[in-house]
Structure formats: C-alpha cells, structure tokens
C-alpha cells in the first residue's frame, strides 16, 4: 500500500532540504510552482551564492521566501568567513541579502568548538534559524561516532534548530555512508541513540535514491532528508508516500 | 557515415518514450519546442502525477498533447490502484485528467494474470492506448526469459499497443541488463525471437547511452526506446541518426 | 583560504567551455543570466545542432553571442562532413548560422593529417576561431602520448586558437583519464611538457568534479576547462575560487 501520514507544511518533521547548485530564475519558478509544498529548506550550495550576480541572488531568495521556504548559503561560505575571522560580517551580510537560515559547519576548515558555539548563539540571537552540520568532508579524517554524538548534543544545547548529518553531494564514503553509498546501519543507530526522544532534530543528507528509500522504510515518510537534487524533489515526495516501487512494496 | 532512414512522427516504429520526473511548465515548454518532434510518449514517472498540484498536472498534459505526444502516468500508480481494487477508478480518473495512454504493469505488486488481462481490455475499450510493461523491479525475483516471452505474447493478444521491457531509471540489474548496465545479448535475442515479425511492438527501456548505442547499432535508427531522460532527448536523436561518435563509426 | 587571482572575461586563460546537449530557450536564458560571465565557449554537443528546429538553433546562437560567448558545433558534425568530403559546405553553413568558432577533430573518423591541417587553415581564413581536439573516442585505439604531443604542436602551428584534450562526456578511459576517471599524472605532465611556455593554449575536458579539483589545485584558478555540464557552471566557478571544500582546504 502507499504510505499514510505525510505531514504538511509548515512542519518540524518530514522536512526536505534541497540543494540548489545554480538554478536560474525560470527554473526556480518552475520548481516552486510544482514542488513548493514539498520543500522546507533551500541551500545555495557551498560558495555559489558568492558568484551569483547580485540581483539574481536577491530575486532567488525572495522567490523562495514567497513559498515559505527557508533559504541559506552552504556551510563552506560560513567556513571561509570563519577562517578569516569574519563571522560577524558573514552574518550581517546574510541578513542583508534576505537569508533566513544559516548553516554552521566545520566540514573543511576546523573552526574549533568555541567559535562553533559562539557562532550558533550569535546567529540565533540575530533571528536566524541555525542548521549545524556534523561530519568531515575529508574521508581520510572522519569523525568517530562518539565525536558525532557529542557534537550533535552540544549543537542542540547551543540552540541549533536542526543538525544535518553530512552526506556531501555524492552520498559516498562519509558519515553514515560507505564508499558505495550504502548505509552503515551501526553508525545510523548510534546517531539515532544520541537523540532518542527527538529524531526530528536530525536532517540526513541523502542524495541517492537508495539512501532515501532505506531511511523512509526505516523511519517513515516524515524523516528529515537533505541534499536532494532539484530534479528529484517530486520523485522524493512520491517515494515518501509509497508511490514508487522502492517504498511501495515494503509497506 | 550518418544513419539513413529515420522515420518521422506520427510513427509506429522508432518511437522515443521520455521519463518526466517532475518538469515544471517552463522546462516542459522548452523540451517541447526543441524536441517535440522526437518524443512520442511522455511518462510521468511512477506516482509523481499524484503529487503534482492539480492545475500544473492538467497544464502539462495539455501542453504535451498539443505536440501530438501520448502522455501516461507511470505503472506504479496503476499498481497502487490495482492493489486497492480500484482499477476502474484509476482509469476514469486518468481519462478525466486528459491522459491518453496508460501503462499496465506488475513490476512491484503482483496483480495476477487475470487482472492484468482485464485491465488491458478495459483500458482499450475506454479509448486508451495501452502500454504494458514486462519485468520485475525486485532484482532478487526476476522473470525468466520464458515468463517474459509468454507475457509479451499474451499482452499483445489482449490488445496492448506496445510492450515495454523494464529497465528502471537506472538501467542496471534488470531484464536484459546486467548489474553493470551491459546488455545480456542472449536475453535480448530471446525476447526478439518471441516477436519475430513484429519487433516494432517492443519498447526497450534504455536509460544509459551505451544501451541506446548498442540497440541502435543492432536494430537500426528506428528501434523503440524508453525511459529517456528529459535532457537526453536531443542527444538520443543525434545518436539515432549517426551524429554521435558511438553510432557514427559503426555504420 | 579562497583562491585569489581569477581573471575576468574576455580572457585567454581560465576559460570555461560548456557542453550544451539540448537546452531550450528558457533554460539557456537562465544559464546566461546567472552564469554568462563564467562561460567563454558553448559547444552544441556532437551532432545536436543538426537536429534542432532551425529557428531555435538560430536563436540559441544569437543569445549566447549577446553574452560574448563563442558558440560552436561539436567536432562530430565536422567529422561527418569531412567523411563526406564536405568541409567547405560545413564551414559556410556554420558561418551562415552564426557560429563563431568551429572544432576540428578526428576523434571518431580519421580524416588524415593533411585534411586536418587544411581545415584549420581554411576555417581561420574564414574568420572562425578554431578549436582542435586531440584524442580518440575509441578506447581500444588510443593515441600515444607522443602522437598527442605532435598533434598539439602541429595544430598550434597551423593556427588553432586552443587545443582541447578529449575527455568525452564521461571523463573516463580516455587521454589523461583512467577508467575510473582519475588522472594519469604522467600523461598530464607529458602533455604539459609539450607546451612549456604556453599552457593557456590547452583546454582540458574535465566533466567530473574530482578532475576539475585536481586540475585547479595543480594549475590554479585560471586553468582552461571544458565539457562542463550546464548545471555545473556555477559550481565550477565556486571551485575555481576556492569556495568549495575540494579546493578551499588545499590552499
């Protein structure tokens, strides 16, 4: 049977975070018209917002906001700013441009726990929703499960709205994902055990369909999923509702 | 040399069936303007038509019809309905929305031969073109070649317009495709032998370029191909005409 | 830190050559508005320009020209013409349509050195910028490093504006790329050694992000890169500027 119980926007669980690597205005309008109800967060990937023409950037943010979508620049842009000691400038600029959410991460550049904490608190106090990201992009230097669990707890205590588990754009060889993109279920369960009464705080970056299907079959249609490709939003919504073979049969 | 003899629309062979996983209105207009002559069938993948906003769905169907394209909802949506005993409701609703073709399949949910037969006949009697799909999405439980051959023959006898050989969106580990996406030539020949005088009745789902190239080199420019990505329609047409390295050299 | 020193258009180094496999008019406008400053060459892949509706083809070329972008048909179309003894007709037609650049290649069809040389000279004399491509699409019959070096030198002597190192759309198992898409650094260095004082003459087809990252980390933000997917142009520009994890950390 199809899956029952999909919750609607605005919602705190079942959120979909979409990866925008450079949509033009017409393509963004297309996406919003057809799938605006299914998108909760829109991430302008890594440093892309920095290379957009200014007026396009402003218009994209406004358009997404019209559909009740939280828009934020990728964590890399925060890290670049943090590495230059410019967290304040980053936050003020983000506010000025119309971003409503920021991502605090140290996937590439180790900003240290203190600056991470301060940045979460500062961003919250400025009225941003704060997403933090847990995980290292360098596959030769991954976080241990214990380090991930600690960071998740601390981020929540410091005021993070939700915590993103890093999956990169590839979904391979990082955090809960093995090199072939399959899920390390022990790692997954370990992370879940760190938020036993509050799974809704976690957003799993899950760019690959097989990852989305496993997580939906495991946690139901209202699991939070991120790094969804712009051309997969509708497909994911069908998957959440059991309207695709991968989740239809198992329920 | 380039390949001669490509037939034009409307046509019964050389058809291209395109997989639409969620195009917006502008993107669909783009596709139709640039490649409308090269598209014969447009599939709204699996259950996606169910999650579109109503007015968008209606407009998409209308636009495609203006270009003489047969539009149909993915087989999964039929299977969901059939699993709930609602084949009639499904067909009436599809008619109401403007769909001109339906896909009858049991890739995920085994509806039984009797219901499959009845559904083909019922849909035909309502004026739909009927595509059936042969193949199981579950790679642990594939159809044997003999089962596929039997089903192809029965579907045609029951009135199917064309029979689709399942390739999924991935083109891997299903029906004629090995796990790496290469073609099992024995399987291919076996299927061909089941329709010796009527190869035009088969649509091969062939999402990968190397699959398309092998099938074109094997059967010529007017082989029926399906599950073509929206951004590969123009490329496929060039491939059919020997205007791409993969088919240019071999002719 | 982010990477300094990115040069702006019009430029002779740091050029980005984008692969257009069939963008519609709206999508092309989107691309130009958001990334026009980051595109130097736009290739209408292989023989696709031949299958476009005439008015769409004309409008696409005009639009790209408005943004100061050189537009050219894929080398396969030249090779098809050359194989039929119709180089002159090809060049006149390309000029008529508004193309400002042509690609001279023999990736699929061996046109011989003499015709290659004559075609470069003829195209230059007609006012085209001439890109040549070095590499064979057939992985069973690759060029040796020495053959590549010789051809690069000869093409430049004959008047080629830039020389493209073949990477295909896949970036795998061709010229400098191993079957898994990783770079054969000896091959890379060999090619570089053939143009020791003039690396800017080489455009590396690098469709995969990991290839782009290695080449940027090796040669800096202003390396010439080609066969960039239309939805990766903004991402590549961020990568060039160290605004993505893959190039941010290493600098």
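Residue numbering begins at 1 within each chain, and the chains themselves are lettered A, B and C in the order written.
Heads up, the rule we're going with is that a contact is a pair of C-beta atoms (placed from the backbone, for glycine too) under 8 Å apart; a residue touches a chain by one contact, two chains touch by 3 or more.
Everything numeric in this text was worked out from a predicted model, so none of it was measured.
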item: Same vs different contact residues, subunit B with subunit C, by half of numbers used; value: different
item: Size of the rotation, in steps of 5 degrees, that lays the CA trace of subunit A over subunit C; value: 120
item: Inter-centroid spacing, subunit C versus subunit B (mean Cα positions, whole Å); value: 34
item: Set of subunit A residues in contact with two or more other chains; value: 26-27
item: Contact set on subunit B toward subunit C in their complex; value: 1-2, 26-27, 29-31, 33-35, 37-38, 231-235, 237-238, 241-246, 248-249
item: List of subunit C residues in touch with subunit B within their complex; value: 21-27, 45-48, 50-53, 56, 76-77, 79-80, 83-84, 107-109, 137-138
